[in-house]
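I'd like to ask some things about the structure below.
Order of writing sets the labels: A, B, C, D and E. Residues in every chain begin at 1.
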Amino acid sequence: MDIATICGIIFGFVTVIGTILFEGNLAIFFNIPALAIVGGGCTCATMIHFSLPQLLGIFSIIKKTFVTKLPSQAMIIQKMVDFATINRRDRTLALEQEIRKLNDPFFARGLQMLVDGQNAEAIHEIMSMEVQYQQERHAMGKKILEFMGASCPSFAMVGTLIGLISMLSKMESPEEVGRGMAVALVCTFYGAFTANMLCLPLAGKLGQYSKAETIIKEMIIEGVCAIAKGENPTAVREKIHVFVSAGRRENLKVKS
Amino acid sequence: MDIATICGIIFGFVTVIGTILFEGNLAIFFNIPALAIVGGGCTCATMIHFSLPQLLGIFSIIKKTFVTKLPSQAMIIQKMVDFATINRRDRTLALEQEIRKLNDPFFARGLQMLVDGQNAEAIHEIMSMEVQYQQERHAMGKKILEFMGASCPSFAMVGTLIGLISMLSKMESPEEVGRGMAVALVCTFYGAFTANMLCLPLAGKLGQYSKAETIIKEMIIEGVCAIAKGENPTAVREKIHVFVSAGRRENLKVKS
Amino acid sequence: MDIATICGIIFGFVTVIGTILFEGNLAIFFNIPALAIVGGGCTCATMIHFSLPQLLGIFSIIKKTFVTKLPSQAMIIQKMVDFATINRRDRTLALEQEIRKLNDPFFARGLQMLVDGQNAEAIHEIMSMEVQYQQERHAMGKKILEFMGASCPSFAMVGTLIGLISMLSKMESPEEVGRGMAVALVCTFYGAFTANMLCLPLAGKLGQYSKAETIIKEMIIEGVCAIAKGENPTAVREKIHVFVSAGRRENLKVKS
Amino acid sequence: MDIATICGIIFGFVTVIGTILFEGNLAIFFNIPALAIVGGGCTCATMIHFSLPQLLGIFSIIKKTFVTKLPSQAMIIQKMVDFATINRRDRTLALEQEIRKLNDPFFARGLQMLVDGQNAEAIHEIMSMEVQYQQERHAMGKKILEFMGASCPSFAMVGTLIGLISMLSKMESPEEVGRGMAVALVCTFYGAFTANMLCLPLAGKLGQYSKAETIIKEMIIEGVCAIAKGENPTAVREKIHVFVSAGRRENLKVKS
Amino acid sequence: MDIATICGIIFGFVTVIGTILFEGNLAIFFNIPALAIVGGGCTCATMIHFSLPQLLGIFSIIKKTFVTKLPSQAMIIQKMVDFATINRRDRTLALEQEIRKLNDPFFARGLQMLVDGQNAEAIHEIMSMEVQYQQERHAMGKKILEFMGASCPSFAMVGTLIGLISMLSKMESPEEVGRGMAVALVCTFYGAFTANMLCLPLAGKLGQYSKAETIIKEMIIEGVCAIAKGENPTAVREKIHVFVSAGRRENLKVKS
């Protein structure tokens, strides 16, 4: 659960709605046809560009970046060192009861393969493939969000043009221009707000999250493979340590 | 037949026309000179940039991405395993009657070469060349659509400028400004709508389709070549499996 | 002579002028100061960026892409096979009278070197250098056209700003705004039209032409070198065939 | 302390505020809701894109580029030559009292490792890792500043749209348009000013600073390692000299 | 002295000022606060991005591209062949009096090193370093000019916004809008003109000049090194010829 993302979205809405309330009334900013053209147009264009399963998959990916909490690097290293000790002391089968205590399914799967007696090469290949597949899904999610971030303002412009043309064509007195223009501009507002507050920053966050998750998963792969080779706890820790950036190593005190 | 693409286009038109009907009347949005300048200008610029055959070829490519349904990966693997079994059991010639049952011309051609007794290298070279040629055609189609997506809004601006200048130059009272401006802005509307609802998403879809079709065709090439080498059904399945992304392998249960 | 390019330009002008005539009168769109600032400004900026010979060379390059008709691939292959037959049957000197029948100077030069008794390596080196030099000239031409395509709308904006500022500063009644604005916007129209109808599509065409011409010239080089090595007509045809994309090979029936 | 950066920011504010004072009164340009929407929106979008620690880290990085004065190349070379002389003459331990005189912590750490008797390879590895980590932090800082430079004008547009829509929807007479529009445009002004005067130039400066600091630190690493290998002062100077660009070598007279 | 650059700038100013005079009076286009905000803002942003010496160095680089006339390739080849002849006939020391006749300091320096008896490798290394350093300076100059070309229109917008907001906030009658808007738009005009007529084309020219000067200097290095190795005039000419593009070789008749 990434607090910055959720706080950012909540504070962003608060700021914008607060400014609207300060400037006038909220009613004019709630406009069904404008919502329909920006939301509908953007969704349709995304459906044409991508396939339906890809479009629907974006919601589960976004939800995951919000809800899933990545395990900390220190915890992974500590666990690995513990498991390597158990493996050395009590044989591999003793790790079986540790699997149930893990709440990271990826880590649990790796440990299960270890307990099942698969060798390091097979574990490395299967788990790396899963990491690669997850990276592809994240990259596709980022691409979809970036396309929506470019598509939203375009359909907002289409909506504003429809509003302007309709208003101008049936205008009888210049006094009406003001109100009609206000309604037409609400579309542009929706497009600019959605693209800049939701689509583009979430696409960026997805990229950051994908990078962080890949490092965590590669640490797990490297660690499980080292245990599978029967290496001692110190060697296991050294191998995982390579993934930790220099400045943070001092903060990661691990009891081996 | 890709349902998402067709639904996207239909719903997109419905959304936009619905919004127009809600806002006012449709008549003002139907404007022959505006259609002429956006459509004509964009077509002429594309004719100057590309050659005539390339421009005409874009329609057949778009039609193909709509109509052609790619065979599923599971079906390809199942067929390959069946053919490998037939090949092992009844000799290559027994595959001849299977060719007639295939409705994928690329697959049929590969099998025909197999039956004709060509060796794996020759089949691989000829079929790979066809895949490469098809990728080039798709890449050219994508490039044309992207050029049109950039050209449409530009000629829409040219059309709006013509409308504005004509209107402003013969304007006698400020009352006329509204209606004249509405007519001029219809051009901008056409450009924004065509580029963002048709050209750019279709260019993206073509790229996605090209990637998917290439994987399917490479699976067929790999499978036919493995059969030509006389490998057993299990080895054939293993070789094709490499093209299936990790997460989807579990869904592909193949009877061998 | 590329018909698509010429038709595109003619139809483009027809479409735009037709729309103008439909909307109003052509007179307001013919504006000497606007032409001066867009054409003059863009030319001056191009002169500052590039050198004078480069700027003047762009016209000869454009003319060439219009006028020069590339020989067809089938013709090149047919000629090469014929020459290889003559070379084998009647010795190299018998090719001398064939040179006069060629109207492609590049091909003629290659054949002349062959007749002069130069070996394959020397011919390859000299002719490849010429191809490379021609590619550089085309790339420079494309770069200049793209710079002009970006520069035209900018100077159109400068011109429109000059018109607007002058008009606004001496305006006495709001009635004048319309006409003055119409005159100022003609500049923007010139810039958008020139960039999108001429500069950018011609830059694209030049890239396409350069690629096509390079393939034709590489076919000639490969063929002449194969003949110089005394290879038989079938081997010569095979070597040139590599440059023909898969799908078009079937259309190229060559009598050998 | 980089004088150009500080002067640039001060003079930039002076120029803009001076122009505002010349044109009218400053009061209208001080607008709390506009500040809230541009500052708040941009901060929230940055929080969604990046994580909270990354966002907070940007201030310490900016402060460092202002306050930290990079040691001059000449000084580094002079010090290295002196230390190499001391190392040769009085043994490594004699360098211990030199560490206290250094006010560059990176240099001091390197020298400390030297005194502690670590070999050249270990020193090189540990110090290079620190340089690489610092480069990553600077690159992340540059990326955040560039994102803010793109986000500011977007939220300025959102703010202006809110202002315009509110104003237009409750407008009763055309006379009010002027004043309302002025208030709405203040948002656009904030966005354009912040992005172009602060975010984008500071992102560029951070890139320049990172490059300069990397060269200085690589000089220190190279020098300390050369001393650790016991090389003579002349060889040490030669090795560091490689990092100095040709034109500036003549200005760096070093007493060896 | 590059005539195209100077003519381009002069004709560009003439075209723009001519159009202004034709449209109205020049006085309104001369506006001190607008000059201050565009010039000052752009200078300050460049000072923040780059360091002060880099900013000041841009003037000397621009001056050099205007004033310095590159020696012609034919002249370099002719001189090299002459010097190679002298070197062969009268020994290296005989070249000493030729140095004084050269007005290209880079060429003179190379010849001086030759006369001083340095070997080819040393000459090549020292002179190549100088070429590389000059390329870096030119690339930095190009980068600064491109940053200014992007910064000018942004600060022009800031200036126009200040003008518009001030004008709108104290406007009492709609009649004043025209004149006030004219004044505000002068800023936009300055930004568009400076960026498109000066900054961007000069950045492009600097790139072209840097490429041309590098070829000339590499010819000199190659030639001087060949003479240093005692090669005969024909071999020297052959070595330099490689730098001349194919199409221009025929125009370079050299007496050897």
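Here is the rule we use: a contact is a pair of C-beta atoms (placed from the backbone, for glycine too) under 8 Å apart; a residue touches a chain by one contact, two chains touch by 3 or more.
Please read all numbers here as calculations on a predicted model, not as lab measurements.
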item	value
Partner chains that subunit C and subunit D have in common	E
Same-site or different-site touching of subunit C by its copy subunit E, using the half cut	different
Centre distance in Å when subunit B and subunit C are each reduced to the mean of their C-alpha atoms	29
Chain centre separation (subunit B, subunit E; CA means) in Å	47
Subunit D: positions in contact with at least two other chains	174
Overall pattern in which the protein chains touch one another (line/ring/star/complete/other)	ring
Chain order, ring traversed from subunit D with subunit E following	D, E, C, B, A
Complex contact set, residues of subunit D against subunit E	2-5, 7-9, 11-12, 15-16, 18-20, 22-25, 28-29, 174, 178-179, 181-183, 185-186, 188-189, 192-193, 195-197, 200-202, 204-205, 208, 245-247
Residues of subunit B defined as touching subunit C within the complex	33, 36-37, 40-41, 43-52, 55, 129-130, 132-133, 136-137, 147, 151, 154-155, 157-159, 161-171, 174, 177
